[in-house]
Amino acid sequence: MVDVHLRGITKRFGRTVAVDGIDLDVNDGEFIVLLGPSGCGKTTTLRIIAGLEKPDRGRVFFGNKDVTYLPPRERYVSMVFQSYAVWPHMTVFDNIAFPLKIKGLPKDEIVCKVKWAAELLQIGDLLNRYPHQLSGGQRQRVAVARAIVVEPNVLLMDEPLSNLDALLRVRMRSELKKLQRKIKVTTIYVTHDQVEAMTMGDRIAVMNAGKIMQVGTPEEIYNKPQNIFVAGFVGTPQMNFFDATISISPKEVALDAGDFKISLEPRFTELLKGFEGKSVTVGIRPEHIHPSKYVALSEGRYSLVKGTVDFVEALGSDTIVHVNVGSRILVMKLSGSHHFKLGSDIEIALDLDKLHIFRKDSGKAII
Amino acid sequence: MSKPNKLILERYVPYILIAPALAYLLFFIGYPLAQAIVLAFIKEGGFTLENINYLLYSPSSKFFEALYFTLLLALVVIPIQVAIALGLATLLNIKFRGRNAALYIIILPLTISDVAAGLIWYTLLSPNGFFNKLLMNLGVISEPIYFFGYQYRHMEFLAIVLTEIWRATAIVFVILFAGLQLVSGELIEAAEVFGANAWQRLKYIIFPLLKPSLQAALIIRTLFAFQVFGVVWTLAGRDIPVLAGEAYYEQVELRHTGVAAIYALVIAAMSVALGYLYIKMFRAKYLEAGT
Amino acid sequence: MMGVGLSMEARPSPVKYLLLRVLIYALVSIAVLWVLTPFAISIMYAFVDPKQYYSKSVIIPALYTLDHVRKLLALGAYSAIINSVIVAVLTIVFSFALGLPAGYAFARYTFRGKDSLKLLIISLRMFPIIVIAVPLVTLYIRIGLSDSPLGVALAHTAMALPFVVLITSSIFAGIPKDLEEAGLIFGLSRAGVFLRITMPLALPGLAAAAIFTFIMSWNEVFIASVLTLTNRTLPAFILTSAMAATDFIKFAASFIMVLPAMIFVFIARKYLITMWGITLR
C-alpha cells in the first residue's frame, strides 16, 4: 500500500508524443481515475506506472522508491487488462493462484487466499472451469480476483468495464468501488467514460493530448473546471459554450454575445480586469438554464434571454430543449417531463452564479 | 541518472534472436552460390570456359533441350492448373455438407513427394496399369496405350503433364483459397443487393480482389516449375530432359561437377530474375498483406 | 456467408436450386475422385498379386500379397527409411532451434530493419534450394560430411528455415500480447513468460509446423540424391535403386513413401490449410 508519484513523465512513439511531461501524486489508498478521450495518453501513463513501458524522461516513485526502470514484477503492482488477459490454458483457480504461486507461498495458504478473492468476486463456484467456459463478465471477475489476491502496492485497471454490456457495467461499477474501499489498495483506473470516472473516483485526473488538464474531486472537476477542455468533457449534455466580448463600465460589467447581452454584478470587475474589449468563451451547463417561468427571479441572479424552441428531446427523467437564440443554439436541461411546442417563443433564465468564463487563447478559466 | 545498462542492451535482443537463423541461411545459400561459380568457371586455379563450352556445344549435352522442356512444361501445365484451382477455390468457397472433408482430400497431393507422385501415376499408366486395363475391358481399346519408353516420348510428356496437374494444382489452390477467404462476404453481398448476378459478382468484385493471391500463386508455382525433377525422372528418365534432371545426371552419373554447377546457376538466375520482378512490382502489397 | 453463386435471399426457384446443388456436388465429387483414385489404385497395386496384375481381365485385384513391400524393405528400403527419419528429425531440431527465436523476435519486437529482414527471409523462401546441392558436395567432401544423414539434414535445415521463421512468427503473433504482459505483471521474467505462457499456447501450432517440416524433409529428393551414395534417404533410394526394379517394387515404393505423410496429415489436418496458405503467400 503506497502512494505513487510521477515526475515529468514523457513518452514518445516514433514522432507522436503520447505523454508530455506529466506530474501526478496519488495518495495511499486512494481511488484515482485517469479520464480522457482515446489517444490522450492515459493508457500509456498506466503502462509506465506498471512497468510495461519505460518513459523517455521522468521518474516514477512508489513511496520514496524510484521504480522507473524496474520490471513489473519487482514493483508489486497488479493490473486488470481491458481484455482481461485471463490465461486460456489454466483453470480459474490456477489463474487467480498464479501470482501467489510465483511468490512461492505454501499450498494451503494459496488455496485460502484464492478462495477469499473468489468469494469477494462471487466466483467461488467457478474455480475449476476454464476461461472459454465462462461469460465475459465472469472472466472479468477472474481478472479482478487475480489482481487483488496478492494484495499489491498499487492496483491498476485499464478500462476493465468497456467490454461489458450496459447493465453489467453499472453493476460492476459499484462492486469495484465497494471492493476497493474494503481492501483499501491504492488504485489507478483508466477510462474514457466520464460517468464511470465521476461515480467511482475519489479524485479524477482529466487528460488530453498527453497532458493532465486538471486533477480534483469529481465535484471540483464538475463545478470548478479549470479549463475549457475539462468543462466540455465532463457533463451530459455538454456545457453550452458561446463567445462574448467583455465591456467594463462603472455601472456594470457586460458580456456581449451579439444575440444577447449578459449583465454581471460589479464585483466581477476585479476578475475581468484586463479583458476589457477582449473576446472570451462563456460556458454554462444545460441544467443551469431554466425557463424563466419556472424560476423565482428575485431569489437569485439571472440573465434573461429570448429565443424559440428549436428541438426537444424527451428522455422521460429529463427533458432537453434546444433553444434558438439568434445565431446560436443553447441547450437547456429540465428534470421531469415537460411539453414544449416546436417553434414557440420561450424566455430562458441563465443562472449567473453558475457561469464560467474562459480565455480564448489558452482555454483557461477566468471564472 | 541515465538508463540502466540492462535497458540499453534490451534494444539488441531482437537482433540477437534473429542472427543465428540469418547467418545460417546466408552461409548455406551464399557459400554454395559462390562455390557454384567457382566450380563452373575455375579449374586448377585458372578461369575456364570448358564447362560452358561443354554445356553449349557438346553433342552429349542436352542443355538446350532441357531449357526447352522445362519452360514448355511450365507453359503447358501452369495455365491449366490456375484455371482448375480457380474453379475449385470458388467451388469450395460455398459451404456444403462435407466441404471440409473435400478440402482435406483436395490438398492431399501437397503432402507427398514428387517422386511418389510419379510412381503413383506409373501404376495408373503402365501397360498393365489401371487406366489401360479399364479401357481394354470396356472395349475402347484393344492394345494398351504405351506411355513410357523413348519411342513414346510424346506420351511420356503427356504422362508428365497429367501427373504434374494432379500433383501441383493444390499449391495454387491453397493460395487462391486462402485469398478467397479474405474477400469479405459483405462485399459480395453488397454487390448482390445492388443487382449483380453471379457472373457479374465474379467478374467485378471477386476477381479483382483475388488478383494479389493470383499473382502470388503464379509466381510461386512458376518458381517451383523451374525446379521440376522427381516426376520427370521417374516417368521419363532422360527422355524428357529438364534443367534439374540434367544437373542431377551430370553430377551424380558423370561427375561433371562444373557442368552441374552451371545448371544450378541457370536455375538460380531464372528464379532470382522472376523473384526480383515480382518483388519490384508487388512489394508494397506484399507487406500490406501482413505475412 | 454463402460464397459466389448462392444466397438465401435471392434463392432461385426450387428446381433451379436443386439443379445447382446437384451440379456442385457433382463437380466436387469429380474433384475428390480425381485426387483419391490414384492414391487408391497405387495402394492397391502395392499389394497386388502378380498373376492378377498381369491378367488382362482383372481391373481391381482381389488377391493381395505383402511380398512386394517385403522385398523392397529387404532391398535396402528399411535402412533408407531409418535414414529419412534421422534426417527429418535432425532437420526439425536444427530448424526450430534457429528459427523459433527468430520467429519470436519478428512477432514481438519492433526494431530497425524489421521489414527488410522479413522481406529477405521471404525471398530466401522462394529461392530454389536444390541449387545448393551440387556445390555442397565438394564442401562436404572436404569437411567429411559427404554421404551422411547429418549433411543432408544441414541442407534440409536451410530449406526449412525460412518456413519455420515465418510460421512461428505467425503463431506467436496470434497469441494476444496482453496474456504475456499479465505474466510480467504477476511475477514472471521475460524468459518465464515465454516458457509458461507463450509456449503452452503456441504448442499446437508449433506441433503442426514440426509435422509439416518433417514432411518437407521426408519428401525432399533432389538434395538427398545428390548428397548421398550409400546412406540414402528413402526418396533418394527409390530414385536410384527402385527405378531399375520390377513394377511391383515401384508400386510398393510409392506406398511406403506416401504412408507417413498421409498419417501425419490426418493428425494435423486442421492446421494445414492455414499454414500452407500463410507460407506459400
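We just call them A, B and C in the order they show up, numbering each chain from 1.
The rule we apply is simple: contacts are C-beta pairs under 8 Å (C-beta built on N, C-alpha and C of every residue); 3 or more make two chains touch, one makes a residue touch a chain.
Remember, it's a predicted structure, so these values are computed and weren't measured experimentally.
S.K.: Relative to the centroid of every protein C-alpha atom displayed, which chain's own C-alpha centroid is closest?
M.R.: C
S.K.: Considering only C-beta pairs in contact, identify the chain pair with the most of them.
M.R.: Chains joined by the most C-beta contact pairs: B-C.
S.K.: Nearest whole angstrom, what separates the Cα centre of chain A from the Cα centre of chain B?
M.R.: Between these chains, centre-to-centre, one finds 59 Å.
S.K.: Distance-wise, how many Å sit between the C-alpha centres of chain B and chain C, to the nearest whole number?
M.R.: 15
S.K.: What's the distance between the Cα centroids of chain A and chain C, rounded to whole Å?
M.R.: 55
S.K.: Taking the complex as given, what residues does chain C use to touch chain B?
M.R.: 1-7, 9-10, 21, 24-25, 27-28, 31-32, 34-36, 38-39, 41-42, 45, 53-54, 56-59, 98-99, 101-102, 104-106, 109, 111, 114-115, 117-124, 126-139, 154-155, 157-158, 161-162, 165-166, 170, 215, 218-222, 225-226, 235, 238-239, 243, 247, 250-251, 253-254, 257-258, 261-262, 264-265, 269, 272-274, 276-278, 280-281
S.K.: Of all residues in chain A, which touch chain C in the complex?
M.R.: By the definition above, chain A touches chain C via 50-52, 71-73, 77-79, 81-83, 85, 87-89, 98-99, 102-103, 146, 150.
S.K.: Note which residues of chain B are touching chain A in the complex, please.
M.R.: 3-4, 7
S.K.: Using the touch rule from the top, collect the residues of chain A that touch chain B in their complex.
M.R.: Touching chain B from chain A are residues 54, 69.
S.K.: Please name which positions on chain B make contact with chain C in the complex.
M.R.: 11, 13-15, 17-18, 20-22, 24-25, 28-29, 31-36, 39, 87-88, 90-96, 98-99, 102-116, 119-124, 126, 128-130, 133-134, 136-137, 166, 171, 174-175, 177-179, 185, 188-189, 192, 198, 201-202, 206, 213, 216-217, 219-220, 223, 226-227, 229-230, 233-234, 237, 244, 247-248, 251-252, 257, 260-261, 263-265, 267-268, 271-272, 275, 279, 283, 286-287, 289, 291
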